[in-house]
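Pasting the structures here.
Same chain, two partners: subunit A is paired with subunit B first, then with subunit C.
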Partner chain A sequence: MRNPLTVLKRRLSEHREVRTDGGTTSAGSILDRDSVRSAPFWLPPFLLIGLFIYGAIAWNIVLSLTDFQGLGTPDYSALDFENYVVAFFGGTPSWSELTVSPIWNSAWNTVVLMVSFSVVCLALGLVLAILVDQEIRFENTFRTIYLLPMSLSFVVTAKFWLYMYNVETGLVNLFLGAVGVGPIEIVQNPDLKLAAVAFALIWQFSGYAMIVYLAGLRAIPTSHFEAARVDGASTVRMYWRVIIPQLRTATVSALVVLTVFSLKAFDFLFSMYGGYQPGPSADILATRMVREAYSNGNWAYGSAIAVILFIMALAIVTPYIYSQYKRGEL
Partner chain B sequence: MSTETGRVGEWSLFGHSLRRVVLYSILVGMGVFYLIPIETGIMTSIINPASYTGSFPYLPPLEPLVPGTGTLSLEPWQGAIDGLGQGLVNSVILVVPATIFSGLLGSMAAFGLTTISWRGQIGIYILFVAGIFIPYQAVLVPLTQFWYNVVPLQAVFAPLATLPFVQEYHWKLVALIITHTAYGLPICTLLFRAHYKKLSDEMVEAAQLDGASVSTIYRRIILPLSIPMFAVVFIYQFTQIWNDLLFALTIVQFGDAAVVTQDLVGIGVSQSGTNFPLRMAAALLAALPTLLVYIFFGDKFAKGVAA
Partner chain C sequence: MSNKPTKLSRRTVLTTTGVAATTGLAGCSGGSDDSDGSGDGGDGGANELELLHAWSSGDGNAAIAALIEGFQEEHPDVEFAEEPVDGAARSNLDQVVLNKLQANDPPSTFQLWPGKNLAKFDGAYEDIEDDVWTDDLKENYLAGPQEQAQYNGSYVSVPLNIHRINNLFYNTAVLDEAGVDPTSLSSASDVVSACETIAAETDAVPFAHQTSGTWSTVQLWETILLGQAGIDGYESFINGNGDAEQVQTALESVVELSEYYPSDSSSITFTEANTMVMDGDAAFIHQGDWAAGAYSNEDGFNYGEDWGQVTYPGTSGSYLLNMDSFPYMANNPSPEATRQFLSYCGTAEGQVLFNAEKGSIPPRSDADVSALNQFQQDQYEDFNAADNQPPSVEHGLAVSPAVKTNISDAFSSFLENYDAAATADALTGAFN
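Then we have the complex of A and B:
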């Protein structure tokens, strides 16, 4: 009996002879394929993401079917969809003595935050990009300033805005006071919380939308601007009718990235509210999931919420990646 | 695009067209909007907490010249360094290797999936790209299980703790380095692939005809041509990993291995109320490395985020 490894080694060392051998040339050695020869480069990273991303996602799905709660290790012998029933309809699950509320509140907040944040970011980014594109002086300085907040972490941004929103000393309230309004409690006000979070996130990420749109504007041939001018179109009309429709690709890619950013707003809320409890009116799925798992010890229920969040992200990203693939842009 | 400057008959102000004046006013106004929270933070961070009134958070401490602005003091910064010192050290231990590993592996993956072309590689590559958009919540519980119950990293580190500079809690940072490397790989691979697609095939083909091996092509041709992209990728990854809270919170959890973002969450709050000068100094100190990187390499950062 020959050890398969020895066979493999021999084939590896002899593969040149095998090729000149005539009969086996067309099939070649499997080790001679480009996919195999380049495997030392792409395979280790691929195994790493295979284990950490796809393995972990699969494991998470299985965990969401268990009753894993509190300390100890998960029991994989009895799998069911109870956690999803609880997530959608609420009730008292078998692993708890307490009633668990469904996810609708945080799901709704997630969608509201996602839509308002992305739409305002895109609109503001587009306006800024058009203004920066007017052959202005100090263009680099303006661009650098607008993108600056994006280099900060969510945690730092939250600390800055916690200060800005402060009732007594915050700049927002000082400004409101100057125009005769206020002072208003913002951070703990159930009616304003989510808007305050969205506003701070818009401050942080609208510069990103600007950069993407600016690249899109610069890619449009100058002749399109000139043609619209010759036709006597006004500036507003030119942008609305001729230029903005050509920014579809830029819009879609910025939108996808911003949407995913908003799904990740956990860090911001954790820092803003100093822990796992942003309160019901600012609770999003990302915070609910981490709170259930890491604060309440409801690991399996947290996993189920994570699966729902994952499906939401998938619903946004899959069409995007597919269209990129179709257009050969991957 | 085309400007209206100097067009005859247009409204003008000091020789500039009104249109340009409005344009620059908006641009400057937006600049103020983006800078004012940071400016306010800087001004507040150098006020003596005892003299802090909060009446003019945007003014530098000018007492006794301007009453109510507080007196100048570096006490908040001293407090921030004391409060975040350990976290800053841990963050550096985490961010340097994680940035280098994810960058290097990303470059290798992109090379194997782009420069050397073979059938089916696009399928593998799509799995890399999709990884960029995964909400990390979807992997957190398995990650915690993996590092705490499956991999005996802590047991490996217990005997190592006798070595100089090695502490038992460092195992959590090693876990965090590997995790960040894995989750940084998709974006690094995307950035490098975009770069490698633009390189001309001629050099690689010529080298292949000369019988150069795949690894020779990588080391001699691709790696030297990747240096500008490494700058972009390293800056992007440095910022991402330094700024992360979620992975640290779920893998380090608490204790000596806490990184700077974790320490920052709770700083400046006590029974007697919020110490805003300390909190602002701490926020700025935690943001300083990424701010400096951004100020000095802003164009490369912009390139990274726009890709």
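Then we have the complex of A and C:
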């Protein structure tokens, strides 16, 4: 039995041949193009993503230009950049009776958290991957152990680390006590807060970086390792000059995911500090944004902070994506 | 089969999809059609009352169930679309309600802290003075709670229960061991010296407290401010004219007390701090009277014998309020049933049913509280005898939501550095 689709396809192609030869432009010609004919497959997801992701981003940008505050509907007739001026310089905006402080503090914390978390996570992940790649025994067990923390939700890890950092009974302080330091107040210590959050996140996600790098390492042909050895390269030199440069794609994909996770640190801070108030030394843009939007009902100002956060994420990811694109690796 | 029908059918598919999508979009925006009618429009027969609350477990859940049961005995025709919204201390509930209001789909009523906190849903309420706030309610609610039920001068909500903030709970055995008589304390600094004695005489932590979140410390500071600055000083502060010196003095008292917190206060929650008192590992805890709920559930830990409560030293004569209330939402999905329900919440009978489970006290001054436990009866007596019932800052009754956020911000910083002077500036500046 012939597949009806095959029959249909042949008829369509026959029809197109004739038409091309004859040079006619019938109304059906556009409908016959590949892009149009495949539309039922790509169009629905394209529209859904366009509407719910890019549409929502665009709407959020427009919203950040309004004065939308409290209940009711935003007024799109008077758009201005007031919210961004307030975000960068502070002051009393037209939609509020109260002074609004600028976002520099939380923006700086966000950058510090994002950079320190991503860089340390990648470095640690790479080291772990190289170690696990040495054809050791129980490799699968180690891999699972390192990856396991990632399967926990931020709420669990936040509560867990709150306990770990406990001055009296926490393991961190017990360990410090054993080496003659401390006990040290960590959770509400302005000098250590952000580092403590970053440390907990690194603990949770370095396993993920390891898995991505491990996949990258496995994709490199054994001959590269052998060739480097034959040329007399030391182990360090071999990895540094031959292997790590081939892990660019892995680095980019891990970095993009880790950056996103560091933006999501909101969940972690929310659970650790029981609300939107982690304190000035651990306040990130995400907590500030939720405070403005949901505690104060300053929707437009919250949107403006969201846009700034979005641009920061783009600023970090775009150069890598672009360089990959240039090298033709994307 | 020729080519043509195929194309046609594809076009038909597209057309159908387009029509469906348009219909769908129209359906989404359809909700706004009845937005201008202010709610009383004949929702004939819509007797299903949509009630949102955060009492999804424990005593709160038992309390709301008792209230609904009592109401349905009188009004068996009213159905409830009751929806507990999970989330600690109802912050999540507010977001759910905000989202519903933005979508023009208000609930009938929901659990809401009244007072200045009502500003959060500005314009979403309807005046119920004529239908619900009868003379009976006005006569029997004390001035404090009655004022909190109003927004911009009109009655929009019905307070259901009252929690008190200015309590000092203690473990009797620990105080006996230290030789401290809680009733002899009469000022915030007396509490500090009592803590000093306890630290010297016993192994217990003098003052159980959590500092991972800001709320407990805001409560403590506002209580101390009320005690030191008096009701006038306190009211000046919540009206935005606070005296920076008084604010700072109160903060300094908190700093002194912080010496006697558990050393791991930043890693524990309120529940753990409260358990320290129950286990005899701590002497005092300052909290709202929900702390007592845990004591009542603990076998062998009895009011009057094993634990006790005094009005926070310095604040006698004041009953620092935190309340839950049910507002009447404009554009109400079930106007008649909601009014009946709110009227019932305003009765002494309904309030006793609710509060017997919840551990708080009825806001009406004429309730028969014999069904409540001894601690609640004592609190109720204090409440009726109180000179004033000021609203709480931390629980959003006293200041608008944006000011409240500024105050919490100031305290999140205070918990890092305990800098009383800088925090006092931030607190008095919270209103500008």
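We adopt the following convention: the second predicted complex is superposed on the first by the 286 of 330 C-alpha atoms of A that agree within 3 Å, B and C clash if a C-alpha of one lies under 4 Å from a C-alpha of the other, contacts with A are read in each partner's own complex, and residues count from 1 in each chain.
Convention: a residue touches a chain if its C-beta (ideal position, glycine included) is under 8 Å from a C-beta of that chain, and two chains touch if they have at least 3 such contacts.
Small disclaimer: the values here were computed from a predicted structure and weren't measured.
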- Task: Specify the outcome, clash or fit, for subunit B and subunit C once both structures are aligned onto subunit A.
- Result: clash
- Task: Give one of first, second, both or neither to describe whether A:Phe46 is in contact with subunit B, with subunit C, with both, or with none.
- Result: first
- Message: Between subunit B and subunit C, whom does A:Gln277 touch in the aligned arrangement: first, second, both, or neither?
- Response: second
- Query: What is the contact status of A:Trp104 with respect to subunit B (first) and subunit C (second): first, second, both, or neither?
  - Reply: neither
- Looking at the overlay, does A:Tyr163 come into contact with subunit B only (first), subunit C only (second), both, or neither? both
- Query: Between subunit B (first) and subunit C (second), which does A:Trp240 come into contact with in this model arrangement: first, second, both, or neither?
  - Reply: neither
- subunit B versus subunit C as contact partner of A:Tyr76, first or second or both or neither: neither
- Between subunit B and subunit C, more residues of subunit A are touched by B
- After superposition on the shared chain, which partner residues are touched by A:Ser96: those of subunit B (first), subunit C (second), both, or neither? second
- Item | subunit B versus subunit C as contact partner of A:Tyr294, first or second or both or neither | both
- Hey, which part of subunit C ends up inside subunit B in the overlay, 55-63, 181-189 or 271-279? 271-279
- Would you please give the residues of subunit A that touch subunit B in one complex and also touch subunit C in the other complex? 40, 163, 166, 168-170, 274-275, 294
- Note on the structure: In their shared complex, subunit B is touched by residues of subunit A numbered 33-35, 37-46, 48-57, 59-60, 63, 73-74, 128, 131-136, 142-156, 159-161, 163-164, 166, 168-171, 174, 203, 207-208, 211-212, 215, 222, 225-226, 229, 256, 260, 263-264, 266-267, 270-271, 274-275, 285-286, 289-290, 293-294, 299, 302-303, 305-307, 309-310, 312-313, 316-317, 321, 325, 330
- Across the complex, what residues on subunit A touch subunit C? 8, 11-12, 15, 28, 31, 40, 70-72, 96, 98-99, 162-163, 165-170, 183, 185-190, 193, 272-275, 277-281, 283, 291, 294-298
- Message: For a test of understanding, state which residues of subunit B touch subunit A in their complex under the given definition.
- Response: 1-3, 23-24, 26-27, 30-31, 33-38, 40-41, 44, 54-55, 57-58, 105-106, 108-109, 111-113, 116-122, 124-146, 149, 179, 181-183, 185-186, 189, 213-215, 218, 239, 242-246, 249-250, 253, 261, 264-266, 269, 276, 279-280, 282-284, 286-287, 290-291, 293-295, 298, 301-302, 305-306
- Query: Residues of subunit C touching subunit A in their complex?
  - Reply: 1, 3, 6-7, 10, 13, 88, 91, 94-95, 98, 101-102, 120-124, 211-215, 262-264, 266-269, 401-406, 408-409, 411-413, 415-417, 429-432
